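Chain IDs A, B, C and D follow the sequence of writing; residue 1 opens each chain.
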Amino acid sequence: MADLAIDPRMELNPPLVQGGMTYSDVTDKISSIVEGKAPKRWYIGMAVAVPLALLLFACLGYLVATGIGVWGNNSPVGWGWDITNFVWWIGIGHAGTLISAILFLFRQKWRTSINRAAEAMTLFAVACAAIYPLFHTGRPWRAAYWLFPLPNEYLHMWQNFRSPLMWDVFAVSTYGTVSALFWFVGLIPDLATLRDRATTPLRKKIYGLLSLGWRGSATQWRHYELAYLLLAGLSTPLVLSVHSIVSFDFATSLLPGWHTTIFPPYFVAGAVFSGFAMVVTLMTLARWIYGLENLITMKHLENMCKVMLATGMIVGFAYGTEFFIAWYSANQYERFIFLNRAFGPYWWAYWSMIACNVVAPQFFWFQRFRTSIPAMFILSIFINIGMWFERFVIIATSLHRDFLPSSWGYFRPTWVDIGTYVGTIGLFLTLFLLFLRFLPAIAISEVKGVLHQQVSAGQAAPVHGGSH
Amino acid sequence: MNELIQLNLSNLTGRKYWRSLNQLADTPEFRQWVEREFPEGASELLDSGSRRTLLKLMAAGFGLAGLTACRRPVEKILPLSKGVEGYVHGRPLHYATAVQACGAATGLIVECNDGRPTKVEGNPRHPFSLGATNAFQQAMILDLYDPDRARQVQKQGVKSGWAQFESWWLEAASKLGDGAGLRILSPRTASPSLDALKAEIAKKYPNSVWVEYDAVNFDRVVEGARLAFGQPLMPQYRFDQADVVVALDCDFLGLDTMTAQPVKQFAARRRPEEGRELNRLYAVEPNFTVTGAMADHRLRARASDIAAVALALARELNVSGAELKVLDGAGGRQKKFLAAVAKDLLAHKGRSLVLAGPRQPAEVHALVALINQALGNLGQTVSYTRPPFAPADSLAAVRQLAGDLAAGRVTVLFALGGNPVYSLPADHNWAELFRKTAAVALAFDENETWKAALWQLPEAHPFEAWGDVRALDGTASIQQPQIQPLFGGRSALEIAALIAGRPQRRGYDIVRSYWTSQWGADAEKKWQQALYEGVIEGTRFPAVEVKADAARVLAAIQPALKAAPAGIETVFYPSWHTFDGRFANNAWMQETPDPMTKLVWDNAALLSPATARRLGVQDGDVLELSAGGRQIHCPAMVLPGHADDSISLQLGFGRAACGRVGRGVGHRVEGLRAEANFWFGPAEVRRTGAKYKLVTTQEHHTLIEPITGLKRNNIVEEFTVEEYRRRAEHGKHEPHPPTDLFPEFDYSKGYQWGMAIDLNACIGCNACMVACTAENNIPVVGKEQVGKGREMHWIRLDRYFSGEEDDPQAVMQPMACVQCEKAPCESVCPVAATAHSPEGINEMAYNRCVGTRYCLNNCPYKVRRFNFLNWNKDVPEIRKMVFNPDVTVRMRGVMEKCNYCVQRIEEKRSQAKAEGRRPIRDGEVLTACQQVCPADAIVFGNINDPESRVAKLKRQARDYAVLEELNTKPRTTYLARLRNPNPELV
Amino acid sequence: MLEAVLSRLGLPGYESGAQQQVYGVIGEFATPEDLLRAIRTARAAGYTQMEAYSPFPIHGVDEALGAPRSPLGRIVIVFGLLGLSAAVLLQWWTGAVDYKLIIAGKPLFAFEPSVPIMFELSVLLSAFATVLGLFHLTRLPTYYHPLFNYSRHAAASNDRFLLAIEARDPKFRAEEAKLFLDSCGSLHTEVVEA
Amino acid sequence: MSAPFSKRFDTKLRLAAAAAVAVLGAAGAVAAYVFHPRQLDTGYTPVQPVAYSHKLHAGNLGMDCLYCHTTVTQASYAAVPMTEICMNCHVRVKEKSPKLQAIRDSYATGKPVAWVKVHRLPDYVYFNHRAHVTAGVSCVSCHGRVDQMTEVRQVQPLSMAWCLDCHRNPAPHIRPPELVTKLDWQPEGDPAVLGARLIREKGIHPPDNCSACHR
C-alpha cells in the first residue's frame, strides 16, 4: 500500500471530483443513471449476459440430473474447473472489500467513487463462487449435511471441523454476509436520496422502504459513521482471512505443489491482483456505458493500475519462491511437480499464466499504459485470464502427476465444464448490469463528503445560488 | 446332501427364489410410491441398481437420511412355505463343485446367498485349486446371470421347445443307421460320465465321429510325450521341488495352465523366510508374460526360435552324448545365456525343471522331456501320467470334419458347447459348412455357432448342471449345480445322453448312476463324501514309468526341427480378458486390465520397441497382418521386453455374434489363424494409416520420472538375494520415528487389522481384482470411462518396468487402500464420512458421503474411487442377482474404496461372539483378495497378536511401507521383491 | 376491527383525539459552514434540543450539538467474544464430547485446527451486532418522521443542510424559534407539526 | 410535500414483524416435535394378510419368540416363520378356521404368505440379530411388548441416534441371554446394575464406529 498512501493534503490534487461539479450535480449525475432511461449500451450488455446466465442453469441442471461425470473430473484429478473457478471468483471478490474497507481505513479518499461498484462486484463474485462448492458434489441437496452444523435427532452426526473445506464454508459464508451488510449500510443514505427525488409513487414507496426511513440526522450520521468504520475494521482481517483459508484447502494437504506454507500471502496477493483487474474491467465498461469520466477519474484507474503492478510483482515473486523452495527442499516429489508444471503436459497453461500475470502488468511501469483506457482494459482482461490459469495450474498440474506414477492421469474439460464457467460469467455480468441500472452505482453521500473537503479547500463551486 | 439340492431346486426357480428371500423392495406399490415421490427422478430410480441405491437417493431427496423413515414404502416379507434343510435366511451356504476349461478341471466352493450363487472360492481339497482360483473362475459367477444368455430353444431363430427338438432328433436318429452321417463336435472334455456316454454312442453309431477341439489346448504337449516315450502322456510338474526352472515359451504362471497349482508351488519357493532357498527361474519367450516378469533371467526369442534354443540347450547339456546339430538362430547373447543356464541345470540335477509351452511343436516337447531325463528330473520334478482327456490331434480331426461337411457326408452335426464357428481354424468358412448340414448347436449365448445352426439349444451354466470332471492329473470331482437352470438350459452331458438314447436324461441320474456303477457297495456314502469334499478319492492317475532312448529320439526329431525363417511372425495367445472368446460378454473380465499391457476392453498386436521403430509404428496404429492369403486388422501396441520381429495376438475378441457387452469389442485375430500357423507362423505387416484408441489403466509405466529422469525409490523395493541376506543380518531397518505435532492415537488394544503383501510372490494374475469386484459389488464403467480415468477397482495391480526399454524387468504391485493410521483422506472430509475404526480400518460411510472428492485428491496412493456417474443405472434385473447382500451398492456421487472386507470381519466377529465370545482366530478372517490369491502373496490379520502370520511377516527385514516418509503409517505394508540372479549372467 | 384495537391501545398513530402537536421549527442552510454557525449561535442562545439534517456527515456537528459518543463499539466487542466462545464450544463439543470419531489419528479437539472457525464466527457475530446495533441506535427502520412534513425536506438528502429546533426544548416558542433561525440566515424556515 | 409513510405504517410494521417472529417460532417448535423420530417413525401398524395375534400366541399361550423366529440366534435376520411352522400346530388346532385359509393355501401351493414388513431399517444399515440377542439384548428393547400386541406396531424410532444411545449406554438393556425372550422379565433392583455387571463379565463393548453398521 505504501505507494498508495497519499498525503492527506495532496489527495485533493488533482481533485477526485472534476468538471466543477456541485453537490446537486453529483446527486443529479448519479441519480440520473437510475432515474433516466437505460442507454442502448446497457441493453447490449444484457443481451450478452442473460443468455450466458441461462446457459449456467442449463448446465447445472444437467449436472445434477446426471452426475459429476459430465465434467472432466477424474481420478487422479478430482478437482478440475469447478474448484479452479471457485477460487478464481472468490479472489475477484477481494478487490471490492479491499477498496471499501482497507482503503477506507487507510483514508484513501480516492476510493469513494469506485467502492460502491466494487462492493457490488464482490457480492456477485462471491455468489458465483458459492455455486461451485455447492454443485461440485453433483448432489447439491446433500449440502444440508455439510454446509451447516445442524443438530439432528436422526444421526447424532456432526461435521469434521478439522477439514479445510469446513473452514471454507464458514469463511465464505461469513465473507458473503459481512460484505452484503457493509454494502447495504453504505447504500442507505443514497437510497434515501433516491426516495426524496422519486417522482412516481411506486419508486417513492420502493426506495422509501429500502432506505428504512433514513433522514440524515446528525444523530444517525454519528452512529452511522462509527458503524461504517467498524464494518470496515471487521472486513479488513476478514478479507485477508478468506483467501488464506481458501489456500488452506491446498496448503494443508500433503500433495506436492499444494503442501506449501507461502500459500496464504500468495493467494491473498493473487486475489487482490485479479480483483483489481476485474474492477478495472468493469469500471472502464461502466464509464463507457454511462460516461462517468468526472467521477471515475483517470486518477482512480491509474491508482488501480499501480495496485495491479504491485500485486502482480508479489505473485511473480511467489512463483519464483515456489521453484526455489522446491529445489531447496531437496524433496523429489516437490521438485518434480514444479518442473512438471513448466515442462510437463500442462506447460501451455503454466506459460500462459506467467505471460499474463508476470509479464503483462510490467506495462504499468509506464504512465502511458496506466492512463490509457484501451491498454488497461486489455491488460486487465489478460490478468483475469492469467489468474484463472494460476488456479488451474495449481490444481490440475499438482493432481495429475502425484506420488505413484501408476495412477498418473490427465484432465480434459467437457462442454459442460466450459458452459458452467462461461455461465457464471454471464450471471455475474447480469447481476452487475442490474445493479448499475437500479441502484446508485457511486456512493453519493461519500462523494459529496469528498467534494465538501474540496470546497473547503476552495477548489470547487458547491452551489450556484439556491437551487429553488 | 443331494436331497438338499433336490429340495431347494424343486421349491422355486432361482429367480423367484432370490426375489422373495432377499426381500427386494420391488413391489408394484413401492414403484408407484417412488414415482409419486420423485416424478422427475423416478426413471433413474427404478433402473438404478438394487434397492440400496433407491433408498440412498430417497435419503438424498429428503436431505436427512432419517427422514426416509417418515415416508414408508410398503415392503413385503415372503418366507418360504416349507423349510429347506440346512438353510437359514441370511446365512450363506457353500457347495463344492468343479469346473473345467480346456480339458483341465479346478475344484471350487461356491457361496450361495438365499439360493443364488454370489461368490466363487477355490476348494482347498482340490490338487489344482488348493483353495485358490484364477480370475476367470471368479468371473464365471457373472456369466451365470448374463442377461444375454441363450434363453430359448429355437429352430433357425424361430421359437421352439425341447420337446419339438427331441422329436426331431428321434426322427433324424431313425435315419442315421450306423451313424456314418453323425458328427459330434465338442470342446475337450475330461468327464468320466461323458466318456461312458461317448462309448455308448460309438457302440450305437459305430461310424459316427466325435471331434474334440479347443482354440487353446495341450495337444502338442501330449504329442511330444508320445514322440519321446512312445505313448501319449501328460507331464505333471512339481515346481516346489525345483531349484532351477527353465520355461521355454511357457507362461506356466499365467495362461498356459488354467489352474492355481503351479503358482502355489512356485510361490512356495520364493519365500526366504520359510527357510528353503529361493528357486531361480529362467524364461525364454517371445511375448512378455507374467512368467517372464517373475523370471530372474529372461531371454527374448521368437516362438520359432525356441526350437533352436532348446536344441542348443540340449547340446550344452550333452543329453545324448553324441554331438548335436544346432540350428542357427541362437546368437551370441543367447549362447552365453544358454551356457550359464546349462551350468546351473547341471549343478541342480534332479532338482531342476525344464518345460515348454503348449504353443511349441511336439518335437520341442520331446526334446524337453529328453533334457529332463538327462538331468534326472523325471520322477523328481516332473512325472508323466495318462492325460485326463482322449488324446488326439484335434487339428487333423477338424480338417477331416471340414472335408466331410464340404462333401455333404454329414447329415447331423452336434456342436455341444464352445463356439467352434468362431474359433475353428480359418482354413474353412465354418458358418457355410455348418449350413450345409443339420447342425445342432448347444450354446451358452447366441454366438456365431448358434447363428449358423439349424437347431439352437440353450446350454446350462456349469453352476446349473450336474456333471463330473477330471483334473489334469486325473483327480475327478462332481460338478454340483448351485441353482436350477435360470433359462431352462441343458448340459452337453444331457444332450449326449439323448444322442446315446439313454432312458434317463437328467444330469443328476447320469452322473449318479455312472459313479454308483463304479463304487458298487457303499456308493451312497462315497457319493455324499464326493459331494461334500469336492474331490473323489483315489481317482488321481498313477505316474507312468517312462524311459526314452536319447539317441533314437533325437534322430527322430532333429530333422523335424527346422530353422526359423527370418522376418516377422505372429504368435497367438489366449487373452487375459476373454481367454479364447468364452468370456467376451463378461464385463468384469473385459474391464480387468491385462497384467502386462494394462489394456482394457481390447486386444492389440504387441510388438517390441525396436520392431515398432523399424516399422514406424506407434500405439494405436492399425496394422494389417496377412498370412496364407488371409488378412486381419489389429491396432498395434508397443510392449517393452517383447521379442523383436514377433507380434503377439490375443484370441477371443471382435465377436460378431455376442451379447451387449462383448459385441464388437476388440479385433478378431482368429481370421488369420489357420492350421499352418495355428500357434505361430510368418506374416506380412502393413500400416493401414488408420488410428484406433487403445485404453489402458496405467498411463506411465516406469518409476523413472519424465523431465528429471530420476527414479522413485520408496514405492517398490527390490533386492538380490545377496543384498537381502546382508540386509537381514542388520535386521529390519526401523525409520526414525518422526516427531508428531499431536500425540499418537492408541492402537495398542484389541484387534488391530493389518496386511502384508509379498511382491516376491505376486505374479500379477488379476485374481484379486476380480475377486474384489465380486465380493464388493464393484461396478463396471466401460472403455470410455476407463479412458477418462474412472475405473472403480478397489485393488489394482501396478506394473512397473525397470532397466532398458528393449529388455526390461517388471514388477507387479497390488495396490489397495493401505489403511493409513494417519489417513490424509480423513482429516479433509468435511462430513466425517471417512473415519477410523478403533481397530485401525479407514472406514467409508457411503450414506454420509457428499462427494467433495477432497479425500481422493489427498490420498497419496490414489486408491479411492468415485462414482462419477450412476454406474448401476442400467444393470438388468437378472444381473442384480450377483450382488453380495452384505455390501451396499453405491450410487453416484459417492466415494468408495477398500475396507479390508469389513463385512467379512464383522461376520466372523459376531460368529465368534455367538460361540461363547471367543476371540477371532488368526486366519479366520480372509479378505477376498487374500482368499483367492494363488500365490498366497496377501496376508491379513491382527497385527496386535505377535503370533499372527501377518505380524510375523511384518517383522521381516524386507517389510517396508510405500511412501514411508509421508508418515501416513499404512497398515498394509509390502515385502520387497527379491531377485535370484545367476552370478554368471550379471 | 384491527384499527379499533389499535386505537384502544393508543399506539403511535392511533392516539385518541388527534391533538395537533408541533415537532419544531426547521431552517435550511446552503453550506455545512452556515449550518455549523447556526448551531453554535443557537446553543449560545440557550437552545438544547436540536437536530441537524445533512446529505453527508459533517465534522463538528456532533460537538456543536453536544452529542455523546456512540456506544456501538462496546456492543460489538461483546458479540465478538460471544462468537468466539460459540466457535470453541461448537468444535469442542461436537468433536470431543458428542461423537468421538477418530479422524486421521488426531486429537478429538485441538486448538490449532479450530482457529479459522473461531475467527470467522467472531467476525460474523460482530458484523451482525454492528448492523443491528446501528438500527437500534438510529431507530431504523422508522418510516414516519416529522421531518417529512417539512416542505423542503428532500433538499436534506441533496444539497441543503437543515437545522431543527425541537418542540421538546424547554426554551421552545414556535414564533421565537422561527425568527431566530431566520436571523441565523436560514433560507427557508417552517414550523413543522409532529 | 407530505411524508411518504404515515405514523400508523410504522406501528403496523412493528406489529407485523412481532407477529411474524411469533409464528415462525411456533412453526419451528411444532416441526421440531413432529419431525422428531419419536413421533415420525413409531406407531406404524400395517394390516397383515393373516390376522395373526402375537398377544394370543406369545402372550396368552406363552409361546417363546424363538419357536417361530428361529434364526435370531444364528443369523442377522430374525426370519419370519415359514408356513410350515404355522402348520406344525394348525394341522390340528383350528384346522378349519377361515382366518387361516391363507396359511393353508400357502402350505398347499408352496406360495409364500406376503407379510408386511413392520420394522424397516434403511438399506445401508446392517443390523445383526445374532450379535444382539447373544449379547443379552432383549427383544423388548427394540420391539416393545410384542406379547401384548394384537397387531404388531413399531414402538421405537430405530433411528441412528436411537441406536447410538443404547450403544453408548448399553447397561440398562443387557440381561442374561437366556432371558432375552422373556419380555415381561424385570430384574430385582436397577436393571442397569445387573447390565453393568454382565457387561464387565462378558467384555461387551458396543461399537460406535461407522462400519459397525454401514458397509
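Quick notes
Rule of thumb we're sticking to: contacts are C-beta pairs under 8 Å (C-beta built on N, C-alpha and C of every residue); 3 or more make two chains touch, one makes a residue touch a chain.
Treat the numbers as computed from the prediction; the structure is a model and nothing was measured.
More C-beta pairs touch across one of A-D and B-D than the other; that pair is B-D.
Rounded to whole angstrom, the centroid-to-centroid distance between subunit A and subunit D, based on C-alpha atoms, equals 54 Å.
Annotation: 46 Å between the Cα-based centres of subunit B and subunit D.
In whole angstrom, the spacing between the mean C-alpha positions of subunit B and subunit C is 81.
Spacing of subunit A relative to subunit C, judged by their CA centroids, is 31 angstrom.
Touching two or more other chains at once are residues 152-160, 162, 166, 195, 208, 213 of subunit A.
Among the residues of subunit B, those in touch with two or more other chains are 65-67, 824, 826-827, 832, 835-838, 848. Annotation for subunit D: residues touching 2 or more other chains are 4-5, 10, 37, 159-161, 164, 209.
Viewed as a network of touching protein chains, the structure reduces to a complete graph with every chain in contact with every other. Interface of subunit C with subunit D (complex): residues 6, 11-14, 99, 101-102, 141-145, 148-149, 151-154. Taken in their complex, subunit D has these residues touching subunit A: 4-5, 10, 36-38, 159-161, 164. Listing the residues of subunit D that touch subunit B in their complex gives 35, 37, 40-41, 44, 46, 71, 73-77, 79-84, 106-107, 109-117, 120, 122-124, 126, 128, 130-131, 134-135, 157-161, 202-203, 207, 209-212, 214-215.
On subunit C, the positions that touch subunit B within their shared complex are 101-107, 110, 112. Only residues 65-69, 72-79, 133, 136-139, 141-146, 152-155, 157-160, 162-166, 169, 249, 252-255, 332, 335-336, 339-340, 343-344, 399, 401-410, 412 of subunit A touch subunit B when the two sit together in their complex.
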